[in-house]
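There are two complexes below, and they share subunit A, which is joined by subunit B in the first and by subunit C in the second.
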Partner chain A sequence: MAKLVLPAGLLVLALLGVPMLLMLRYSFNSFDPLYLMKEAFTFGNYARAVVDPYYQKILLTTVAVALASTLLTTLLAYGPAYWLARMEGRWKSKLTILTMFPLLVGGVVRSAGYMALLSSDGLINATLRGLGLITVPLQLLYTPGAVVFATVGIVLPYMILTLASVIESIPRQVEDAAANLGARPGTAFIRVLMPLSLPGVLAGSTLVFILCMNAYATPLLLGGPQFQMMAPAVYDQFARASNWPFGAALAFLLLVVTVALTTLGSSVIARRYKAG
Partner chain B sequence: MKSLELVNIRKEYGDAVAVDDMNMTIRKGELVSLLGPSGCGKTTTLRMVAGFVAPSAGSVLIDGRDVTHRPPYERNTALVFQSYALFPHMSVAQNVAFGLEMRRMPRAEREAKSLEALRRVRLDHLAERYPRQLSGGQQQRVALARGLVLNPDVFLLDEPLSNLDAKLRAEVRSEIRGLQQALELTTLMVTHDQEEALTMSDGLVLMAGGRVRQSGSAQDLYERPADAFVADFVGRSNVLEGRVEGGSFRMKDGTALPGTAVPTARYYTLRPEKIALTSPDQGVPGTLREVLYLGAQTEYTVLLGTTPVTVIRATPGPDDTLARLRPGDPVGLRWNSADARLLDS
Partner chain C sequence: MTKLSRRQFLATTSAAGASALLASPALAQSKELVVGTWGGTFGDLLKANVDEALLVPQGYDVLQEISGPVPRRTKLITERMQRRGSMDAALLADFDMHAAARVGALETLDAGNVPNYDTILPFLKKKTSVPLIYSAHVIVYRKDLVKTPPTSVQALWDPAYKGKIGLSDFLYTSNMAYAAVANGGTVDNYANAEKGVEGWKALEAKLLPSTEAVGQALASGDIWLTIISAARGYSWQKSGIDLAWCVPEEGAFPAVYEAGVPKNARHPEAGLAYMNALLTPDAQVAFAEKMGYLPTVKSAKISPELEARIGFSEAEQNRLWTPDLDFIMENQAGLLDTWNRILKG
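Here is the complex of A and B:
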């Protein structure tokens, strides 16, 4: 066994770890417009990423969009996840596959789909105009709302599937017991189902939050040129500005903030439920 | 305490009839067992009383009040689930207090009441534990306490002993019966175990295929089964098929059995312990096929003609002639014809 695990482990380490370490090293290098990257050991890139109001705003937008999307995704996913988890018979597997179906199509393609839905002559505006409800098309595309909307749509399947698998592991009799003891559906949800499905909520929202923080195509396509989030900003540094050290620093800043917020979030939610 | 009444209760799932026109009454403070093989509709009936399943027709009355269309949380029933269904994220005390909390009882009062209920099941010292830290038997008692603390109108037990090992089962059986009688709880118990039903109940309702086959006391069902199914299901019985010819019952293989017979009888039923084993010249002659030593008792299989008949006797002492019987020996079977039940169906 160990003979098989060791080379595989080394391979994973090489594929994941080495590029990360390389990037970490780059983030301490300095940038020269003529020679591009120069060997150095400076915190200047990080200092700029943190202090520059332009990048502060990008980071803030990213966190806000990710938080809003995660919250909205959790709220929207709970009902379908519960329904799927408690379903029986042949429809269950069919609907599970249907839930996974959007994941077969890449995020870029789906973002393009949301563009078609939200643009000024897109489906929504065309329908509203056809019904005579509006004369001037609504500005739906290229708004923060559009980014959140599309992000939620893209990450929703992950959340539904994660939640459903955890809810499925909660015996139905436990819910029946709550009702039998006099708990109305809302109370039973808050006192029994919610705390018992908390591991699913935490796992799902952590996964979704990470996906949202690192979203690239959606903010780019649906946010428009004025809208900035971290992943496209990192790409800009590497591809357009050719400033690898600063790009690497931005990437690590994004990583640190993501890890910090998910850890904080999990512990706060877990503690609140332990206490209550 | 309140009475429970089911009036013409019926439940259909698509084309399948799970419970068919069922009637039953439990008087205040009585424990009635709903007995039957799996799939007979007993659990569906219990769930209709608790409110988890809506009847297709008929009504559920608790103390004369129609609760058929009330949701589970508006009925004052307490169901002890087969799987116990304790809340894993709450302590034992919180589990027991949950129902009182739903009834908006002040904290101090509900804590005192829960502790009292836990004391009744001798678990007050484990109040701060979590369900996963308890043994199966202890979890069962927490589930009991969680129900009885509510002083429910109707106490519902779903196969309460099925998840316990044999030794514990006898103990919990008398514990449940003791609590039920002390608190005079009107109780409906569902079980497939006839021993459980016979020993614990004031009354029994035997179901099969969604219908009530017979209801009455344990003695009624055991001594006076209404049909061959009841005779076979409650206790052990020799159910011998045949028909009445010339005033006596003749089995399919032609063997005549003693006793006057109703002309319409198709089954001759006889409890194994009512049959005496004698020499072949006394009683109905047969051949011993098998001897099974069960400790206090011995079970003999005797062929009458080609039909096997089971006889259970106290294990004979070493000097007894019965002790020398070997398979293949000719024997005689004798019984009081009053002990035989001739049934039409």
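Here is the complex of A and C:
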């Protein structure tokens, strides 16, 4: 069995592990404006990333946007996921493909689409103006709300598909039994279906949270230059400041925080699942 | 019907493929030339007026490697120790090119290896790069909205324009030079630039993510004035926006774009041919007409009408700053950090 894992394992090690180790080493180097970096072993980059209030704020914004987007996505995905899971016949496969359809378009293109929707002469403002509801365009683009809105739109299919596959595996009779024993649909959902679908919530929210924490194009295009999240800040250090050591330290800080929060969230949900 | 066996089919198609390859003069004789450059309109103009007009007829197969300027500069610096680099020619702004030159990544250029080198305007001549185009980052403003035409850099901190000053996030080096000069500093030390940037924050200046966003904000009236190249002002003026620009009495930041050949280029002779092509009058005039950038060679003549719209008077030309490129190179990360902290923090 171990032999079967070997090719994939080696591939991941070569394409992901080795570059990451190299980046980890860079994060301990020191910055040099002429030669980009100097060989060193300093924790200065990490200290700056953790202590500096400017980067603390960026990290907090990132976590807040990721948490808000994950929560909203979970709430919005439950209904369509349930509907899709319980659907039968030829429409089921068609709607599943339709849910996956946005994933065929790259994140940058989808963000550009949201820009066309939210800009001052975009679809929303033009419609509101056309209806005579506003005279001055609303500032929708380059706001935190725009970032959360677009992020939710982008990650929603992942959550719907993950939840739907888990709900599908919950026997329909369980809901019938709840109804038979007098539970209203809302009660049956909260006390029966939701606890049973927690593994799906766990898998979906983990996936979505990781995607949100590492979002690059959406905050950059829809948040504007004044809205700072970690992935664009990492890129800024590499591609604008040429400060590879600090950029690498920021990247690892983002990785550690994402892993820590994901592990924490998973253990909380897993405990609830066991308790339920 | 004749049946074709699998062996016969393979033999026939291989022979056809091989003969097609041999028959293609482009593949048989072409000399590869990889150019690291910006994409978009700039890349298209290079392709039409330099690559296809001048180098393809000489048998070069030009491949544009499109990226941002800092990754390109980083490549030049990090690849310099390798036997072969990934580019035969690289295009960068003068301060980025300066960093590559400082680490010895660039070939020395002169009239011996670039015949058009001697036609370069004296103030733009350098040992390891050729100037491709130039303009200056000036104050560009909406003529219909800014009632008193600005003459000084102080106009950018006029409370009357609160909320109407636009700043390109990409041009933080030029913007901070203006901020320094407005507050008693110089382009050699950027002293007090912080104070100027804080002043912009207090005036609710709009930070815009790209040059295109600056153009859109000017067009919509979201911003009334900004710091951007006179060439861009000209392009937007041509597209119908009611714009004018001025070189402030304190001066303006020069915008010079250069090209160089890496010392470890795979095809150095192709890179040198590219340098020479960039300096030909036809290519230079095309950049002036299409993008509003001024020619960098004495031999390129643009029409007096165009000169009047994109050119600088002698007095304006003399007022352009000569920034300390060493200072910028050594302090660029710090400048960006200050810029980000004040305007984005």
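The rule we apply is simple: the second predicted complex is superposed on the first by the 263 of 276 C-alpha atoms of A that agree within 3 Å, B and C clash if a C-alpha of one lies under 4 Å from a C-alpha of the other, contacts with A are read in each partner's own complex, and residues count from 1 in each chain.
Heads up, the rule we're going with is that a contact is a pair of C-beta atoms (placed from the backbone, for glycine too) under 8 Å apart; a residue touches a chain by one contact, two chains touch by 3 or more.
Everything numeric in this text was worked out from a predicted model, so none of it was measured.
Colleague: Does the subunit A-based superposition show subunit B and subunit C clashing or fitting?
Modeller: Aligned on subunit A, subunit B and subunit C fit with no clash.
Colleague: Does the superposition put A:R240 against subunit B (first), subunit C (second), both, or neither?
Modeller: After superposition on chain A, A:R240 lies in contact with subunit C alone.
Colleague: Have a look at where A:V192 lands relative to subunit B and subunit C in the superposition and call it first, second, both or neither.
Modeller: In the superposition, A:V192 touches subunit B alone.
Colleague: Applying the document's definition of touch, where does A:Q139 land relative to subunit B and subunit C: first, second, both, or neither?
Modeller: neither
Colleague: In the superposed arrangement, does A:P171 touch subunit B (first), subunit C (second), both or neither?
Modeller: Touch status of A:P171: first partner only.
Colleague: A:S93 contacts which: subunit B (first), subunit C (second), both, neither?
Modeller: In the superposition, A:S93 touches no partner, neither subunit B nor subunit C.
Colleague: May I ask you to decide whether A:A183 touches subunit B, subunit C, both, or neither, giving the answer as first, second, both or neither?
Modeller: Only subunit B is touched by A:A183; subunit C is not.
Colleague: Considering only the touch criterion stated at the top, classify A:D121 as touching first (subunit B), second (subunit C), both, or neither.
Modeller: In the superposition, A:D121 touches subunit C alone.
Colleague: Once the two structures are overlaid on A, work out the angle subunit B-subunit A-subunit C from the Cα centres, in steps of 10 degrees.
Modeller: Computed angle, apex subunit A: 150 degrees.
Colleague: Go through the superposed model and pick first if A:Q56 touches only subunit B, second if only subunit C, both, or neither.
Modeller: Neither partner.
Colleague: Looking at the superposed set of three chains, what is the minimum CA distance between subunit B and subunit C in Å?
Modeller: So the smallest C-alpha gap separating subunit B from subunit C comes to 48 Å.
Colleague: Considering each complex separately, which residues of subunit A are in contact with subunit B in the first and with subunit C in the second?
Modeller: none
Colleague: In the complex of these two chains, what residues of subunit C are touching subunit A?
Modeller: 68, 70-71, 73-74, 77-78, 99, 102-103, 169, 207-209, 220, 222, 329-333, 336-337, 340-341, 343-345
Colleague: Note which residues of subunit A are touching subunit C in the complex, please.
Modeller: Checking each residue of subunit A against subunit C gives 31, 33-36, 54, 57, 120-121, 220-221, 224-228, 236, 239-243.
Colleague: Sort out for me which residues of subunit B touch subunit A in the complex.
Modeller: Contacts found on subunit B: 50-52, 71-73, 77-79, 81-83, 85-89, 98-99, 102-103, 146, 150.
Colleague: Taking the touch rule as given, give the residues of subunit A at its contact with subunit B in the complex, in rising order.
Modeller: For subunit A paired with subunit B, touching residues are 171, 173-174, 176-184, 187-188, 191-192, 195-196.
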